[in-house]
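Across the two complexes that follow, subunit A remains constant while its partner is subunit B and subsequently subunit C.
Entry: the complex of A and B
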């Protein structure tokens, strides 16, 4: 697929998104010059550690950041859900945005305990958007809600729908959250750490469920996680974030077979692998992630990078495309060469 | 059954910790939650035992019951041959200095109002040990903290990874034999997680520690453990040396757990052997009313009538590899 065709089919196109937030300690540079495009039916995996800006980015796409917290914002978030024309969400007034959240774009949060209202029955929470956006009456909405619960794999949906969130297990609650997000058939689904609070067997069920629903609805999905394993086999493209920037962006297979950014490499090497024998020494990344208040100049990863040179501390590396590809991008002056373990200085 | 020694306990002279038929029950309203039922295992000197299972399987309760916090409802905990369940008061406090714990959330396990130096020295102060200052400096240096600059600061001035280092320093101050680690890296970022895992390995070698490592992440447990015990709903399903247990998991639950792990390397993933393993269905039963017979049978794809009637006992399936299942899966598997 060529770049042009990808763009024309894009559900979402983010250009130079920059978000700075007010905090007690100063201005937090949470998201810096982030760009990507996402086509119908595709999954973008966004990987990063805590504080890398991935959740702030997700919330800003949905327009969910509190206005008071926003110190500065720039860039474009172009959203196009057929048949509506493309629109820039950053310029859109809140009133208009409300009509998009739910029917056009939806979000799943990390903690299913707090994402649901504990004092409302599931029926109320599931039918809210159906009645609000699709104008269904009470009976229609209830029937559709029961169908939705059944579709996300909740047994005995007709009885469950009148229960309260505390009567369900964590995995079931996350299924309900997914059902609510998908109620109005959105074109874009943002899943922010959807399985982090869940056990590994439940995680697999939920990820399988998301993949199936995505196929059925041809949704575009952004899957945000700190776990490379979660996105490795489930995302079409992967963006690695560090200190508010996308430092590498590539098709999933390319990323793992030819990673270019030292941070991607270090992150990958620091994870204990199930295939390695026990007591395999892990290659830890020294130091810790940088604070984002008034960040220093240069590459944010430079202080922890084993390949860093003087230039890395002075200039911020721009995001460039790997020669010979059109969809593998990285932001590093001294990318890691294809042969692992070999120091590379080709610029 | 109560006095029979399970076959997976080893007859060796260097057993530091032996847990025998440990049960922990908690009263909840009118019901009794059977958090841990009849769990036995042993740990030899210098060994790391990994204890894995999903939330609610009782793995943390086992860790706490070893420390007698609270004391188990039934069973024995032998530490260097001494049954800790027989001890109380001063004798228990004395013995317990030989076992130390570190916890999941390093920040909330440190008193925010105290200086790091005092936190690390607390055990030494309580026991009136001599040369406490030297010892504090030594253990802080061992975990990679400079006592001179870090000692006078307070926990909020440190990151999560550094707080976990402080917790490890505190646990080492009294020179324990056994370190019980309850999810020590699950609250940390992956890049910091590797630092702490490496540090624990270093500390184990330097201070000749024996470890019980409780975690839900199977890859982390494999990395650090010599032997692994898998728990489900308060019971031990499978125990064995790490290599055999991960390469040839025999209990259907262990297999389901291993098949659920998302692999960080999609290129390696394609040759994984247990991908065809059926997914777990249904929900975890209530520990207040566990299923009869085998507790896993309600979700087990291979369950038969016998599983409901008879509690499976541990049986040997390979060298130092035991499983509690009537129908263990024994065909040779490709190494995962």
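Entry: the complex of A and C
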């Protein structure tokens, strides 16, 4: 789908979102000045290693972070579902926000083993939101729930619906989690590492399923993962997060062909390639991700960056747009000029 | 030859299928001990429920001629110091034990469980305050507290049940709070919030069903302890007033005749011992069963 047609109707616009959380060790700067927009039917892939702030960002979009833990928050999360006017979720009281969760936006979690309540039948877990948000009665909700299970590819849905989660395999459970999330036809779906806990063949099935459902419902989707491979072919745009910031943001194709940020490059190089000779040493990024409690000044990636210079340690690079493009942004003083491993450079 | 092997295989797998099904129906790994204990508890419960209709003598009718007669003489389990039938008194006394055990544990479970779930879910000042109050209650010597309560609210069956139930609130609040703390961490609670569930809905749908199993499993063990507490009160003459028979009261009366007629104290003691043992055993087996189920999920 072309961006131009859809850009006008952005479902979600995040501006300078900053989230700081209280922890035992101090204030964690979990998300810093994150901005992006997402149009209807589009997928934004968010990539980053553990602790880069992906999940905190996702949860803060839905207002799911515990209020106790919140030390500081700023920025705007402007959400616009079709008929309703645009509203800033950051300012919205919890009560109002609650009515948006489910029918307007929904979330899929990483581990299907823990995302379903072990002591409740699937029927209960599936019909809960239907009855609450759509005002269906027991019979209607049950019929719709069976349709939902069938739609996510669960065979024999009429029988499965009366089972408990432990009677289902991991892949099946993730399908149920997806069915629950989609029950009220949300316009925005946040998938927080939906395939991390599944094995590779099931991963593909689940990602295909998500892509199909997204097409059918014209949902906007945020696909969070630590695996560049997962988002490569499934996202329209990719945002690379490091230490709570988006360090590079570009259309998927551009990102892979003309990456600018050394961290993106390092991530890309660390993917093992199938046609490498066997026993090739895996490329790792040296060092460890920074701790986000009272972060030091300068670029967070500088200590691990092979191109880092004195300036990188002193100033935090602002996010800038690559000249000649309008949607490729990065935050680096010394961007990589050519994509590694690529023969031609169309920069 | 091959056919025969194949046939055997089929037969064997069918037999295994049957035993697996049987195990599912009759409970896997419960063993005969569990069923004997459960049977005893059922018997006690039936005695308590149908005491008035059972073919036993009048528990309050003193037949002086039978005074201190041993078991299997004029009376099946002997007669006490006033010549009353011990079997009849046991059957009617079970009523007090069962009613107090059920009421006291229910009070502790409902009040303590509710407070514990709320404390574990909302945390903050409420939790800290509640836990401090509960610690104070726990720090009191329970018998002293119980004596004070009984002196204050009286000696009727209900009053004693409430007093003992009050003692159980802290224990249940702690069990419920601890389980709530671990349940709230689970992703399905967050998932429910992400689907717009209200706090009440999360408490009732997500937290309660997960907390109620360990709380219930603890219930049977608690009942055993309640029965002992009641008999301690009866021993001090502070439980339900005479002439209403209670097991503790019977032991207390029997101690006067220990030198001449051991059975007067021994029979109710053994009955109580078996009941408490059964409660502990059944409660423990059920609890471990639930634990296994939880780790399987």
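Quick notes on this one:
Methods note: the second predicted complex is superposed on the first by the 331 of 347 C-alpha atoms of A that agree within 3 Å, B and C clash if a C-alpha of one lies under 4 Å from a C-alpha of the other, contacts with A are read in each partner's own complex, and residues count from 1 in each chain.
In this section, a residue touches a chain if its C-beta (ideal position, glycine included) is under 8 Å from a C-beta of that chain, and two chains touch if they have at least 3 such contacts.
From a predicted model like this one, the values you see are computed outputs, not experimental measurements.
After superposition onto subunit A, the modelled positions of subunit B and subunit C are compatible, with room for both. Of the two partner chains placed around the shared chain by superposition, neither subunit B nor subunit C is touched by A:306. Once the two complexes are overlaid on the shared chain, A:276 sits against subunit B while remaining clear of subunit C. When the two complexes are overlaid on their common chain A, residue A:199 makes contact with subunit B while staying clear of subunit C. Of the two partner chains placed by superposition, A:218 touches none, neither subunit B nor subunit C. By the touch criterion stated above, A:133 is placed in contact with subunit C alone, subunit B being left untouched. Between subunit B and subunit C, B touches the greater number of residues of subunit A. Touch criterion not met for A:23: it reaches neither subunit B nor subunit C. Contacts of A:315 after superposition on the shared chain: neither subunit B nor subunit C is touched. Smallest inter-chain Cα distance, subunit B versus subunit C, after superposition on the shared chain: 6 Å.
Against subunit C, in their complex, subunit A makes its touches with residues 59, 62, 64, 68, 98-103, 106-107, 109-111, 114-120, 124, 128-129, 132-133, 164-166, 177, 180-181, 183-184. By the touch criterion given at the top, residues 54-55, 159, 161-162, 189-195, 197-198, 201, 216-220, 222-226, 242-243, 246, 256-269, 279-280, 283-284, 336 of subunit B touch subunit A in their complex. Interface residues of subunit C, counted against subunit A in their complex, comprise 123-124, 186-188, 190-198, 201, 205-206, 209-210, 213, 294, 296-297. The part of subunit A that touches subunit B in the complex is made up of residues 49-50, 169, 171-172, 199-205, 207-208, 226-230, 232-234, 252-253, 256-257, 266-268, 270-286, 288-289.
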